[in-house]
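Chain lettering (A, B, C and D) follows the sequence in which the chains are written, and residue indices restart at 1 in each chain.
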Amino acid sequence: MQNEILFATLALVAIVSSIVMISAHRPIDSALSFIVTLISIAALFALVNATFLFVVQIIIYAGAILSLILFIIMFLNIKDENLPDEKYKNRWLLATSIIIAPFSAILIDLIMRSDIAVNGVASEGFGTIKDVGLNLFSKWVLPFELVSILLLVALVGAVTLSKRSE
Amino acid sequence: MLKAYMILSILLFSIGVVGLISRRNIIVIYMSIELLLNAVNLSLIAISADMADSSAQVMSLIIIAIAASEAALFMSLFVVLFRNRASLDANLFDILGNKHA
Amino acid sequence: MRDTLLLGILLLSPLVTASLIFLISLFFKNTKQTIYTLLALAGSGISAAIALYISYHSYFEKQIFSSHLFTWLNIGDFTIEVALKADALSSFMILFVAPVSFLIHIYATGYMSRDKSYGRFFAYFNLFIFFMFLLVLADNPIIMFIGWEGVGLTSYALIGFYFGDIQNTYAGNKAFIVNRVGDFGFLSALMLLFLSIPSGGFGFSNIFLSLAHIEPFTLSLIAFLLFVGAMGKSAQIPLFVWLPDAMAGPTPVSALIHAATMVTAGVYMVARFAPLYNMTPEVSLFIAYIGALSALFAALIATKQYDIKKILAYSTMSQLGFMFMALGVGAYSTALFHMFTHAFFKGLLFMAAGAIIVAFHHKQDIRDLRGIKFPKIFIMMAVASLTITAIPPFSAFFSKDAIMGALYASGHLELFAMAFVSSILTAFYMSRLMVVLFFNKGEQVAKESPKSMFYPMMLLTLLSVFAGLLNVPELFGGDLNFSHWLNLADKIYTIPHAKEWALMAVNTLFIALVIYNTYKKYAYTNAIIVEKNYGWVTNKFYIDEFYNKTVVAAIDKLSHFFEKTVSSFLIDEKINLTALAYLKLGKIVSMTENGNVRFYALYMLLGVVSGFVYLYWMLRSAV
Amino acid sequence: MSVLSAIIFLPILTAIFLFFVNLHITLVKIVYMISTLVVAYLALNLYIDFDASSSMQFIEQHAWISQYGIEYHVGVDGVSLGIVMMNALLMPLVAIALYKQRDKRGYWINLLFVQGGIMGAVLALDLMLFYLFWELMLLPIFFMIGLFGYGKSNFISMKFNMYTIFGSLMMLISILYMAVEHKEQFGFYSFALDELKNITLTTTESLLVFSGFMIAFGIKIPIFPFHTWLSDTYRSAPMGIVIVMSALMAKLGTYAIWRFLFTLLNETSQELAPYFIWIGLFGLIYFGISAITQTHLKRMFALSSASHLSLIVVGFFIYNSYGLIGSSYFIVAHALSSAALFLMVAMMYERVQTYTIDSLGGIAKFAPLFALFFAFFALSIVGVPFTAGFVAEVLIILGAFEYDTLIGFFAATSLLIPMLFMFKTISKVLYGETNERTKNFQDLRSHELLAVIPLALLILAMGIFPNYFIKKIEPTAKAFVDKKEAVYHE
């Protein structure tokens, strides 16, 4: 029961903050509410014993990525006149929501009606760093290596892009 | 519990899509994309917990890594775009269309 | 073989000389006129000689010359032979057509001698008589039609001969177009005729044998349509409008076309189809009425004309009206006989007019030509005028009087009355012309005409005087040689001699009175100047204007309507609009491809959602 | 390889050769001349060898795409022979007359393509093959108008192509439908004319299939109301193409009606014939009257062609041997006359640089030869005696009278209406006063004479001795009429 209440609260927070994120006019507001979303998602991870991912989520997303965003916002020194004039923002939001509503509704309906839960019994130490790490370096070693290359490429790309062209 | 997680994931995903399409501010668009990834991560974690298999967690770990690299690229892109156009309006970047042909 | 040779040479010598003249004049610019003269005269001279030979044999020995050249067309039952046949009627036609043409040729060598286009003129001229011979000698109506059309075509070229002035060309156009209206009727009639007769060839003799098989309505329709053709060619109401304008051509052309050849083709054609017309009395009567109306109408207009050639043109139309009256009441050979004499005196009149025109520097208005001194021409023209007014004993007295007698005897007194009035009017306008020209004070003295113009006129004068003797009625002790020779399906009218004498006397008396009065009015006065020259009669009853306002304007309007309204506006614009709509639609659709990635994402979303909804719906209905 | 294949493929192969081998323009013209002359020689041989007592002959048949029953199947009969002859004859003459005016390789290459395309379309007896050639002859025209045309040539060439391709696609649908029906009824695909005529269709089906074909042919001819591409296209197109279009391609439309519609959908065609006769008669009068007030010479002749083509359509649809022979004869006669007349117009344009009728005049004064031929060809279009057109018109009118008296009268207006605009044109162009433009008008040069004299002689020969030529058409007509009778008695 406690878990359910906790889940409900966190879900509500995640949804509300993400709605605020997509509808805020200024990017700084979006970023701040996005942090809230990310943290609540991290908490939801923790709720299902994914402790390692919980930590990763907090550190990488809420920590690194979001601070990068905030840093960029600051760095670019965005003024109000630099922001796009989104006159029809609300209409767009409404219209897109209506469009996507059936999509969500159908998926929810399907999930509600189907019996997807396996209810596996978690072993000791499930979701810990050891568990995930073993898995990562045994079964998933190739994707891991590929991701490292990807990160390298991204690094190089980022440097190249932001270099001023002569 | 799994169903609840899935539904939440779907909702967050939908909100991300709405933001992605509706907003013209590229920073918000970027954040919407991150939200999509997070929604997926959420469902992966939920499934992982349900099946008691940590492979899905590895997947989401990889997704987070990819998101990080993406973030790096996006940030440099923002810098370049803002430097060139002095604006964050996604509508300005439409050289794909036939207007400039 | 002899027949083929004779007829072939008769027919081809004008064609060959015409082609030669054409080629020479086109490719050798500095050819001497003499060569053209020789060729032209050779062409028509040979024809004339053969024509006389044939007529001689036909008249005295009742020979029929016929020749089959080649098969023109042969499709199943439809066989058209190019065959020539000189029966009595054809021989009679060539008897005056060929010699008169020859005389006009000689005359033309003088008349045209200073013209730069001398060669071209004779090329057309010879071509014209070639077609005329083809018309007259053809043994089936299709070949006749070819000649018929060819005559119209060459007359177009001849009327528009002085093409430097576009008006002349338009006159030619008018002639051919109006003629073609007639041809439309003619050809339609031939088609109906061909389809109505049972198979077995389309020669005249076969047609006449089969006439009995045709149902009466079709027969009347055919007869009527044939006459439409004749109307066009012989300038009868309502297709006469081309005739006065046709005076735009050189005078020899007027003499050739309007005296001996082209305009008489209609009369010839009706006479040729005499068996047909005998079976359709109502159409015949219609012809008679048209003829009477034309005669009266033309004579009336001629009384108020001032152009010497136009007076003669209307006079031609009027005389043709007489002929059609005679044809209408079935007096075919009488009509043909009038045509015969008409060829001489009208040819002479035109030639004399031409001589005057040449001598007086192309003045044609009789008000400018008052009191000219031109003694030789005067004598000849006087003879011709007396002939046309039917004063005895000149030739037209016999021919016209026979027509009057036939009209009277046929019982259609209204026709007779109209003919009588026309005849009186003829006397008036001819004597008016003569008196104004020669019996007035004036200083204009002409040079002598060239010999080449003079001698043909001399010969025609003699013929005008004496040609009547060839068909003297019984009344004067003759025996109607011509009528017996022609042997057409005439209706024979007999009236008591006393009545005939009375008619003749009254007629002649009236004519003499009119001539006397005209002399009194116009001789040595300025009556012709003060005469009112406006009003309905002078303006030809505004017929030209009427046609211009109705037919011509209507066609122009219709053309604009078709082109601007129907084609452009109703059809093309709508089609272009359809194309434009697609273009607009394309623009609208391509607006979606605006290069803005989030729109692409939106489309993707739309696609995904619709896919989802569709799958879901399928799933639900499957369950 | 039979003579027909040679006639079809020689021009196409020559064109491809010229396209890939970059020769000097003079050499291109020489190769063009050689190729067309060889085709003309082959066609002449064909004409001589053509057996005047039978209908379809010189048949050549090879399997091609056997899976779908598409064959290479060609043959010639009395009607197509005329078009083949005209195509073979006109192409070298066009070059003789115009060789000084055009110095672009593409011009001559495209003309060769057109020639091959027309030959193929005329001779094809397999519907797929026919469709292929039918499209093949369109494309070069598209390029030629676009590349060498006058005025808004891009728009016009687009419009022309849209129009014709729309029609062709309708036809393609009909062809495919028939092939599929054949598969359903007989178990195998076939596109052969002889096979497809055996299938049975319901009334609705045959009406739809008929309309598909008829739209394609009607646009190409053009019949009312598909004519609005016509005058613009003629005005804009370069003269070589105008000649091809008026003399050959438009005729191909009428020919195709006869060859395909009357064979495949005989009964439907006969049922619908009255409507098309009236459309044709209406077109005859409509186009003729429209032409009267035209001021642009090429537009006027375009409408004049359309008027006569409507008469040809009437001739075919009246469905008797006079009409058929008349129309076939008219196809040839009109091809000669209109090609010659357009050649004259091209020569005139070279000298005065204008097509406006009102700005001309008095040409006859300094250029008697030009005037003679111009007037002669114009008159031959009107159909005066001794020209080929007269014979054809008489036959068509006779056929029309046999069909129905009223229709006969309307058909006989073809004596009147063309004359109105033609005489107006002759007068304004040749006669009257000379003006600035026409006062230095040079008479025909010898190479131009060389081009027009054969045409003039042929027109005369066909007008004076028609029987010799008609004998070649007659068996075809007879077979056709027999077939009609057979349907009639069923």
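Structure notes:
Everything below uses one rule, namely that contacts are C-beta pairs under 8 Å (C-beta built on N, C-alpha and C of every residue); 3 or more make two chains touch, one makes a residue touch a chain.
Remember, it's a predicted structure, so these values are computed and weren't measured experimentally.
Averaging Cα coordinates per chain places subunit C and subunit D 36 Å apart. Averaging Cα coordinates per chain places subunit A and subunit D 73 Å apart.
For the pair subunit B and subunit D, the distance between C-alpha centroids works out to 66 Å.
Between subunit B and subunit C, the centres computed from C-alpha atoms are 97 Å apart. Shown for subunit C are the residues in touch with two or more other chains, namely 602, 605. Contact with two or more other chains is made by residues 17, 21, 23-24, 90-91 of subunit B. Contact topology of the protein chains: irregular, matching none of line, ring, star or complete. A list of each chain pair in contact follows: A-B, A-C, B-C, C-D.
Subunit C makes touch with subunit D in their complex at residues 22, 25-26, 70-76, 78, 120, 142, 145-147, 149-150, 153, 156, 160, 163-166, 168-170, 173, 176-177, 180-181, 183-184, 187-188, 191-192, 194-195, 555-556, 558-560, 562-563, 566-568, 571-572, 575-576, 579. By the touch rule above, subunit C contacts subunit B in their complex via residues 590, 593-598, 601-602, 605. The touching residues of subunit A, counted against subunit B in their complex, run 3, 7, 11, 14-15, 18-19, 21-24, 27, 30-31, 34, 37-38, 41, 44-45, 48-50, 52-53, 56-57, 60-61, 64-65, 68-69, 72-73, 75-76, 78, 82-86, 89, 92-93, 95-97, 100-101, 103-104, 107-108, 111-112, 116-123, 126-127, 131-132, 135-136, 139-140, 143-144, 147, 150-151, 153-155, 157-159, 161-162, 164.
By the touch criterion stated above, subunit C contacts subunit A in their complex at residues 602, 605-606, 608-609, 612-613, 616.
Those residues of subunit B that touch subunit A in the complex are listed here as 1-8, 10-12, 14-19, 21-25, 27-28, 30-32, 34-35, 38, 41-42, 45-46, 48-55, 57-58, 60-62, 64-73, 75-80, 82-83, 86-91.
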